[in-house]
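Shared between the two complexes below is subunit A, which pairs with subunit B and subunit C, respectively.
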Partner chain A sequence: MIQSGVEVAWYVYGVVPADASFKPAAEGVASTRVEVVTEGGLAAIVGRVDLDEFGEEALRRNLEDRAWLEQTVSAHDGVLSGAVGMTPLVPLRFGTVFRDETRVRELLGAREAEFTAALERLRGCVELGVKVFLLDEERSEEAKPTSGRDYLLQKQRARDATSAALSKALDRVRDLHEHLASIAGGARANSPQPPELSGRREPMLLNAAYLVRANEQPEFVAAAEDHDDPGLEIVVTGPWPAYNFVEAEEAE
Partner chain B sequence: MSTPGQSPQRYLGRREAAQLPDVLERVLDKGIVIAGDIQVSLLDIELLTIKLRLLVASADKAKEMGIDWWEHDPFLKGGRNGDELEDRLRRLEQKAGIAERSEES
Partner chain C sequence: MSRDLPLEQQITLIELVDRVLNKGVVVSGDITLAVADVDLVYVGLRVLLASVGTMERLQGQPA
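Entry: the complex of A and B
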């Protein structure tokens, strides 16, 4: 293994049409410059990274480092998000690294048809995220139980109320998702984030992504937020690169 | 040719720390998978994603809280089993019952 500290590799963020007009982010992962490698009708958004940081050993180590991971993942998204709305864009998953520029060109050449089709499909679209949280319902307090039987009955009523509320909330969320899916170009319901990941105590009932025409975002956001249920909080995020809509099986 | 270069509007401050989970989820778990030259990446990142879910996210805990319904019911997959729903609701009721503070007046 070469110990040199200056050996570089090519980190690939995503693929855009070669004639895309967008201003690349100033800085990518590990504070590297963002560059473009063009081959035929496609261009890869890349950065030259240090193998000391992105080589196999280093990457394996760094992936365990939460601070490094968060910073680098955010930088990856920052580069791609900077181009959202300006060009169709196929986002690559984190950590796609090639030995040299030639290998990046080979990638563009080998998968040209696939990338071109994906870019066409995504043209003019962005991804919006919609998360729905179930807020605590205020429950009317019952009188202090006067007997064991009374206590059990109260528990039963509380359970019934909670179950009914959840069931109703799930119906609403399902309806919302179906409606949003019907007005979007694509829809994907992911596993809701558990509280430790979402950072919120309230249960997440929906964690979905939609492919939306860029010029229809306001209407879509309005549709997502159009509800009068005080028990639900709806959070719209984005616009994102179409992270959720670039694998073949997700095409609708 | 590119789409009209309107500057994208950001909703609800996704750059805030609270949105980091969404960034992690998308960048680590979504996006097209390409086999690069650094072979460690794909497998390790899949493991890492699992780790994030298990360690950071603790899927079991989510289940304890009764929010595991998606595992059986991704909306788009259609038909579901009624008995399963009943079972799930019963479990939810039990969990909710356990969590309840009903002694105060």
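Entry: the complex of A and C
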């Protein structure tokens, strides 16, 4: 496997049951072939990558390269997403690299109980994301202020109205999250994203992920979108690999 | 190629980075990402946002 001094390493995307029947994505990170390494009842989805691209130094440097980051992150997700709905799947965090196949087998052996339990928990489920945005309310036009005092009073009224609307919206969003969590197999409320991340000027009030039975997705989406509040916009994403539901501290 | 992605794709990409770099089971592989100890997703988002000038411009415009 060593050619012209380039060392090969094993990039691991995730773990599936050994008997999983799914068609791996054609191409993974760095346009490498997607392969499977089996050990006992588990299989790792892997790819052989060059250390001069995925070694520590190289990785650190490449992470700063926007084009590389885009391609590689998309490829990592593409491999995992290709298996969603076909097999339970434990995603590993980006950038998990082993020196050789034996080390990958050792990983599967060493953490067999943990991976097996996670796969059992995730069986038949997908992750759906739900974001809620607070839309700009339509403010009634006030009369042009006739004095400085008048102006300040108007400003105060506008602030009060905004804060009342926000507080009401937050109540609704909390109710929605509680309801969705009650019909989901797992729920996780992440920090709402600031506008630079969401790409939206409107404030994000909820940034949650739910573990949903694959065959109940339409019902779940309907429940998420079932509201009559014109001040809220609800955005459902997915199905995703269960990125949010494989950590030990599964809060909420 | 990536500089002129439409806004929607930029957002999808940020969503992806947020999941792929931030979530998933943490396994100590043989290649240790020194930056991972700091915050992998922070690095990724910083790189993405640094060149998302289009996004900021769009945000500054009335809908």
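As a working rule, the second predicted complex is superposed on the first by the 245 of 252 C-alpha atoms of A that agree within 3 Å, B and C clash if a C-alpha of one lies under 4 Å from a C-alpha of the other, contacts with A are read in each partner's own complex, and residues count from 1 in each chain.
We take it that contacts are C-beta pairs under 8 Å (C-beta built on N, C-alpha and C of every residue); 3 or more make two chains touch, one makes a residue touch a chain.
Nothing here was measured: the structure is a model prediction, and the numbers come from that model.
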Could you tell me whether subunit B and subunit C fit or clash when both sit on subunit A in the superposition?
clash
Is A:Ala67 touching anything from subunit B or subunit C once the two structures are fitted on A? First, second, both or neither.
second
Output check: A:Glu247 vs subunit B and subunit C. Expected answer is one of first, second, both, neither. What do you get?
both
Identify which of subunit B and subunit C touches the larger number of residues of subunit A.
B
After the superposition on A, what does A:Gly124 contact: first (subunit B), second (subunit C), both or neither?
first
A:Phe94 in the overlay: touching subunit B, subunit C, both, or neither? Say first, second, both or neither.
both
Based on the superposed arrangement, let me know which partner A:Asp228 touches: subunit B (first), subunit C (second), both, or neither?
neither
Partner chain in contact with A:Leu170 - subunit B first, subunit C second, else both or neither
first
Please pick the stretch of subunit B from 40-48, 58-66, 76-84 or 94-102 that overlaps subunit C when the two structures are superposed.
40-48
Subunit B and subunit C footprints on subunit A, overlapping residues
9, 12, 14, 54-56, 59-60, 63, 69-70, 73-74, 76-77, 90-99, 103, 107, 111, 118, 129, 193, 195-199, 237, 240, 243-244, 246-247
Going by the contact rule set out above, which residues of subunit B touch subunit A in the complex?
1-12, 14, 17-34, 36-42, 44-45, 48, 52-53, 56-59, 61-62, 65-67, 69-71, 74-76, 89, 92-94, 96-97, 100, 102-105
Residue numbers of subunit A touching subunit B in their complex, please.
9, 12, 14, 17, 19-22, 54-57, 59-60, 63, 69-70, 73-74, 76-77, 81, 84-88, 90-99, 103, 107, 111, 118, 123-124, 126, 128-129, 141-145, 151, 154-155, 158-160, 162-163, 166-167, 170, 174, 177-178, 181, 187-199, 203-205, 214-215, 217, 221, 235-241, 243-244, 246-247
Parts of subunit A lying in touch with subunit C, wherever the complex brings them together
9, 12, 14-15, 51, 54-56, 59-60, 63-67, 69-70, 73-74, 76-77, 90-99, 103, 107, 111, 118, 129, 193, 195-201, 237, 240, 243-244, 246-247
Touching residues of subunit C toward subunit A in the complex: what are they?
1-2, 7, 10-11, 13-27, 29-36, 40, 43-45, 47-52, 55-56, 58-59, 63
